[in-house]
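In the two complexes that follow, chain A is the common piece, with chain B as its partner first and chain C second.
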Partner chain A sequence: MKKFDKFVVNALGRKVPTIVNGKEMVPFMGVGKHRPTGHKAAAPIVSAADFPADGNKTLPDLKAALVKAGLKDGMTISTHHHFRNGDVLAVQIFDIAKELGVKDLVWFPSASFPCQEPLIKYLEDGTIHHIEGSMNGALGRFASYGKMAGLGVLRSHGGRYQSVQDGEVHIDIAVIAAPTADAFGNATGDRGPAACGLLGFALADSQYADKVIVATDNLVPFPCIPWQIQGNNVDYVVVVDQVGIPEKIVSGTTEITRSPDRLFIAELTAQFCEEAGLIYDGFSFQAGAGGTSLSIGVYFAEILKEKGWKAAFARGGSNKYLVEMLEQGLTKFILDGQTFDLEGVRSMRENWNHVNTSPFTSYNYHGKGFFGSFVDIVILGATEVDINFNANVVTHSDGLLLHGIGGWQNTLFGKCTILPIPLFRDRIPVILDEVTTITGPGELIDVIVTERGIAINPKRTDLLEKVKGSNLPIKTIEELQAEAEAICGKPKKAKVDENEPIAVIKWVDGTIIDTVWRVEPN
Partner chain B sequence: MKKFDKFVVNALGRKVPTIVNGKEMVPFMGVGKHRPTGHKAAAPIVSAADFPADGNKTLPDLKAALVKAGLKDGMTISTHHHFRNGDVLAVQIFDIAKELGVKDLVWFPSASFPCQEPLIKYLEDGTIHHIEGSMNGALGRFASYGKMAGLGVLRSHGGRYQSVQDGEVHIDIAVIAAPTADAFGNATGDRGPAACGLLGFALADSQYADKVIVATDNLVPFPCIPWQIQGNNVDYVVVVDQVGIPEKIVSGTTEITRSPDRLFIAELTAQFCEEAGLIYDGFSFQAGAGGTSLSIGVYFAEILKEKGWKAAFARGGSNKYLVEMLEQGLTKFILDGQTFDLEGVRSMRENWNHVNTSPFTSYNYHGKGFFGSFVDIVILGATEVDINFNANVVTHSDGLLLHGIGGWQNTLFGKCTILPIPLFRDRIPVILDEVTTITGPGELIDVIVTERGIAINPKRTDLLEKVKGSNLPIKTIEELQAEAEAICGKPKKAKVDENEPIAVIKWVDGTIIDTVWRVEPN
Partner chain C sequence: MDSKEMLFCGNSGPKVRSDCRIGFLTTKEGGRKIDLKSKVKVMFGEEILRLANEVLDFYNIEHCEMQIEDSGALNFVLAARMEAVIRKASGSEQEFLLPALEKNLKESPKDRFRFSRLYLPGNTPHLFINASIHNPDGLILDLEDAVAYDKKYEASFIVRNALRIIDYGDAERMVRINQIPRGLDDLPFIVNHGVNLILVPKCESADQIKAVNDKIAEISENKDRKIWLMPIIESALGVMKAYEIASAADNVVALAIGLEDYTADMGIQRTREGKESFFARNMLTMACKAAGIQAIDSVYSDVDDSEGLINAIKESKSIGFTGMGCIHPRQIRLIHEYYGPEEAEIEKSKKIVRAFDDATAKGLGVVSLGSKMIDPPVVKRALTTIDIAISTGKLSSNWKEEAE
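Here is the complex of A and B:
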């Protein structure tokens, strides 16, 4: 199997391989340009005659289930990340694989977290061939130095659904960690000792994998309602001591920012949205989990309250601030992709209008539309932006692959995408001539808000028109770049080997938008 | 296309065609004997780039949507029957097809009702080639006299899901009547002026059809929650004046019986269940909609109340009696496949534990199990039973095809299936040497309860053992048959032409369990 082969230059001028881990790839062709053909993938047809008539699919433990599922060399094993840094199953799965002497597995998580650092030893000893999914922190560093046998393949949440649906990735065995489940395999994330909210990231896995294992530490009598994951797609159920560490489900920033600079950026962003007429009775928004984003959400809530308006829906990552808006009637719905704190979990359990969504519903680009495309205001982060508004969320300026894509690419399709970012971090300018890795094309990024001014994408003449004559500090992106460089100097390009890819970044349609290169160790 | 070809004798000794409407068929091989191979069907991969970014999929009317969906000769058009006898769309669809001059369509309803009698003219003029689905009353009579161009294909609700999932039936265009929907196509049945409860019968259609049209008379702002049907599967949305006639959603018997004979049968059935130990704290049951079944449910409720027990779940067809049980805490859940009255609709909207299910969840035999197989007590009807416990629900003793299968075949997999039936109807005995049409194999039918005694299937030695020594009137089925014949005489066989099939009856695994033959008009 060729790790990579022959490079071509894609529509954004980036050098990308045409073969990745033995599979042919399509280079990025422009937003909406690649049209898929053929039919969706489909799981094998099975007969209920081969499943227990009494509905009891339990097996003694995870090892028994993996063996029964036929775990063998070269298989693709999927997990989900709703437990975030409190996941315990991924490492157990590969401990078992190692014990059984199984090799060359592909790990296909919906995201990875620092708690999975112990998997490095299995990447080293050949138990795991490569990771298809985000590689944060230690795993990313390991891959960045060229130590992974295969190439990493990073996808957005929607892209992950798309790849499974389209048959680009075939999951042999899916392991679904479920805070509550019944013996038939129906499962929910919204209750139980390790409640994490929802299980939407595992939906594709449950629908398309050959074998599906549900692990739970809270087995309830049939029926487990809600059945976020349907037992009719599940082969085996195992009861484990602990399915995830609930305290660690909460990760990332969960409080609004107190930094004056960031608060200023937040206020400026909210002011921009108001003056550009983006906030109205019945608007919708998505603000992320960071301190700045949370603050912007709070400003939105204040504007709604003042005007006597209601949002049609807020897209979550839910948190206590969004839940407060819901329970105060400031938004009619929360459409939630993952709960970021325990208030989010509670609300999802208690409020009918706090809705459990999945990447299929929210983000799948190869569906008949997805609601991410009609969210009015989308607040996002970025590690770097370039003067063409292309943005990076996966690598740092030193070239190291340290973050996953999450839903970031998918949300770019919203009606107005805004990146509230500082002009520089650690004296390194954030606006560059060229970003280290293009994760999202500039044509989809509308506004950059910094502490020294706001740059609007010249393509958005409508927005430029709307804020004309306002007292907002509107500048060109080149002006913002020049201000940063006047203070910090011109930033250096990352020292990477542009003949040695270590990972590729998929666009939402399965094409390759950019390549991540090997970093020379210092 | 050959309407039918070559007959073989299946595992139940019934003569069945090997070709139906040009497609090869598999004869029934015995319960659980036919093992499917291959992969499920899959819809074409599409791109969100081809759908409106603002999520607005509305078109002016049903005709515009059918034209845009590419309606043409020979296509298969599906509809659902949650409006029961209040459906208005099916006739409109074929009125439009006729207007457009489209021919040879296959109508694939989840069930048909008397209100669709106007379709006979389209069966006559070639607009519709044949019906794959139940044919009740006038449509059944029309088919029975050999007047339909193609052969009818009758499937259970679960079999319909299975056939779509397995690719036996490819739906070109699905039209989903939705009491409430948004412009993106998310739809629900539990609210709106024509609320009918749920839309589970349309689930397969939404997932597998090439083109999906949602019609509604209650368009709400996005998001329509619950989204029983997901807009991500929907192509077009049309607003119509009236999507269904709500008063006619309620059909069939909705009150407990007052007939002394039937009340006696109901009481005897409940007594049998109690003495055989089938009712316990945490048991589950399904009782149908007829007056006798409703009465049995009321007896079950009384037993639970008296003992201080709770059912784990009641399988509906929901109605006011089940809702009362739910709201009094006598059952933890209602798992509902279709609401039979407006109390059912209200409860589904208001009670989180009144759960909307689909044939995928409840009945699909080609899934990883289905919950129908572990319902403790299943109460069913039949037009005829034979001394081998085979039963008929589709034809009458005169050979006329007058009923659909519904979920009847699927529920036979329950732990104890009981048919409470009168010993004769209109002086025609119900227990025969051979039923006119085998709809369900005797090995899955456990108990026959009549006003003159109870026959237990000799295979169920466990049940025979349990009621030994009780004062229940246990008899053999031959004894019951003899009693009926002593009163009414030996019944005559239907006058049918056993070389001229007019329809086939599919088993839950897609094989053919029996043939319906042409009836000579009197």
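Here is the complex of A and C:
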């Protein structure tokens, strides 16, 4: 199997391989240009005759389930990040694989977190061949130095669903951590001692994987209601001592910022939205994790309160601030993609209008539409933006792969995408001639808000017109770049080895938008 | 004097941002050994090494060991830290100066508004860079209470370089020096480097103001450029001498009161209501009015208490203060809002200014509004009110056109 081969230059001018881990790939062709045909993938046909008639699918432990699922060399194993940094199962799965002497596995997580750093030893000893999913922190650093046997493949949440649905990724065994489940395999995330919210990221896996294992520490009598995961898709159920650590779904990025500069950016963003007429009675917005985004939500709430308006829906990442808006009647619904704190979990359990969604409903580009495209205001972050508004969320300016994509690419399709970002971090300017890695094309990014001015994408003549004559500090992106460079100096580009990719970045349609290259340890 | 052990200046550690720590040791041979650890090494490593060599060339240092632990410091910070540690090690008095922004060397208008002035700890450069985005009237680079005793030396270099390099927009560049006489040693670091106004802490006599002015006169390279003084009254004696201090020199543009030290000096507790300092504050505003200068109130210490701050400003304004210190940027907007003119005052001033414009256009010497004559001081106050209203965002600068 060739790790990579056949480089081409894609529609954004980026050099990308078209053979990745032995599979043929399509280079990015432009937004909406790649229209594959054919039929979706499917899980194998099974017969109820092969499953216990009494509905009891429990097995003694995770090892027994993995063995019975036929764990063997080269398989693709999926896990999910409902517990974010409180996941405990991923490491256990590969501990078992190591114990069984299984090699060359592909780990297909919906996202990785620092708690999974112990998996580096399995990447080193060959238990895991490569990761198809986000690689944060230590895992990203490991991959960046070219130490992973295979090529990493990073996808958005919607892209992950698309890749499974379209058959690009075939999951052999999916292990779903469920805070509550019954013996038939129905499972939910919103209750139980380890309640973490919703299990939407596991939906594709439950529908398309060959074998599905539900692990829980709270087995309840049938029926487990709500059944976010349907037992009819589940092969085995195992009871574990602890399925995850719910307190760790809260990370530093889910508290509003205390930084005066970030608060200033948040306030300026809200002011822009108000003056550009983006906020109205019945509008919708998405404000993701991150202190600045959360603060913007708080400012939106103040504006709604003052005007006596109500949002039609707020797209979460739910958290205590969104829940407060819901419970104060400032938004009719929270359409939740993942819960960022325990208040979000509580609200999902208690409020009928706090709705759990999945990457299928919100983000899947190969579906008959997705609601992410009709959100009015989308607030996102970025590590870098270039003067064509292309943005990067996965690598840093030193070339290191340190973050995943999350739902970032998918939400770019909202009606107005705004990136509130500091003009420079320490002395690293955020606006560059060219970003290290293009994660999202500039044509979908409408506004950059920094502490020293706002740049509107020249394609958005409507927005430029709306804020004309306002007191907002509107500048060109080149002016902002010049201002940052006058303060920080012009940064040198990262020294990367452009002959050795370490990962590829998929676009929402399964094409390759960019390549992450190997860097030398600093 | 050569150092025998490595000396250090600056800050490092996991929580330190936009700063650096420089270790330096002169050696007899072996050339320059520069060890750079930087979170921005890929992007700026070459630039940092270029700067280090430029500084070493300047001090004619051929042989040395230099350790640079950099957390993303800008050049003005790196240069200040390098200079500080080299001068500490070598005893050199030579200044390594990066080119100053020309606009930073100009004086500020004497009678400008000084509603808000934001304190920035003098040895914490990451707070310096974006301080002006919050639009304070003044930025105080603080060499006194906000800097630990053993960091005062290195802080002087950071403050000097910030005064020269950072574009603070319309904000007045202020420095709080140390208490006199120690504060006189701070003056060479600021007088020829763009300071607009010097805060003289714990001031208790006109002699201290004279000492500051004498030193400024001695070292200033541009005798025409005025540097303003704002003595801070922080003791019972200072309060009793307020008028003497306020009228000590024509470059004293304001008195400020520092209530933490004042209450400590009096042996009393500072309260939210502030009754214990009512007399002192009245004395101060009285002295300022008598001397024709501005009276600036003490900081409001509880950053999270907006309501308390608003009440404090209302009361402060009612007894004659025209501004207040800030310890957090979020206080600035409220200070501008509540020290600035109120809506009715702006409307009245607009009418007076229009009447004044009409009279001027018609060549009339007398301004009248309806049947009432308007005296020149009233016109002057109305013009000032309009200026303040525009500068605080309460009135559009095009208000005359917009009304037409």
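Everything below uses one rule, namely that the second predicted complex is superposed on the first by the 521 of 522 C-alpha atoms of A that agree within 3 Å, B and C clash if a C-alpha of one lies under 4 Å from a C-alpha of the other, contacts with A are read in each partner's own complex, and residues count from 1 in each chain.
Following the convention adopted for this analysis, a residue touches a chain if its C-beta (ideal position, glycine included) is under 8 Å from a C-beta of that chain, and two chains touch if they have at least 3 such contacts.
Given the structure is predicted, the values throughout are model-derived calculations rather than measurements.
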### Query
Sharing chain A, do chain B and chain C clash or fit in the superposition?
fit
### Query
Between chain B and chain C, which makes contact with more of the residues in chain A?
B
### Query
Who does A:488 touch here: chain B (first), chain C (second), both, or neither?
second
#### Entry: Vertex chain A, arms to chain B and chain C (CA centres, degrees, nearest 10)
140
### Message
A:45 in the overlay: touching chain B, chain C, both, or neither? Say first, second, both or neither.
### Response
first
### Task
Pick one for A:452: touches chain B only (first), chain C only (second), both, or neither.
second
### Task
For A:428, decide between first (touching chain B), second (touching chain C), both and neither.
second
### Task
Pick out the closest CA atoms of chain B and chain C after fitting on chain A and give their distance in Å.
37
### Message
I'd like to check the shared interface: which positions of chain A are touched by both chain B and chain C across the two complexes?
### Response
none
### Task
Report the residues of chain A in contact with chain C in the complex, numbered from low to high.
260-261, 263-264, 397-399, 425-428, 451-452, 471, 487-489, 491-495, 522
### Contact footprint of chain A on chain C as seen in their complex
17-18, 39-47, 71-75, 126, 129-130, 133-134, 328-330, 393
### Query
Touching chain A in the complex: which residues of chain B?
32-55, 57, 165-166, 184-185, 212, 221-223, 225, 227, 230-235, 282, 312-313, 333, 335, 352-353, 355, 360-361, 364-371, 373-374, 413, 509
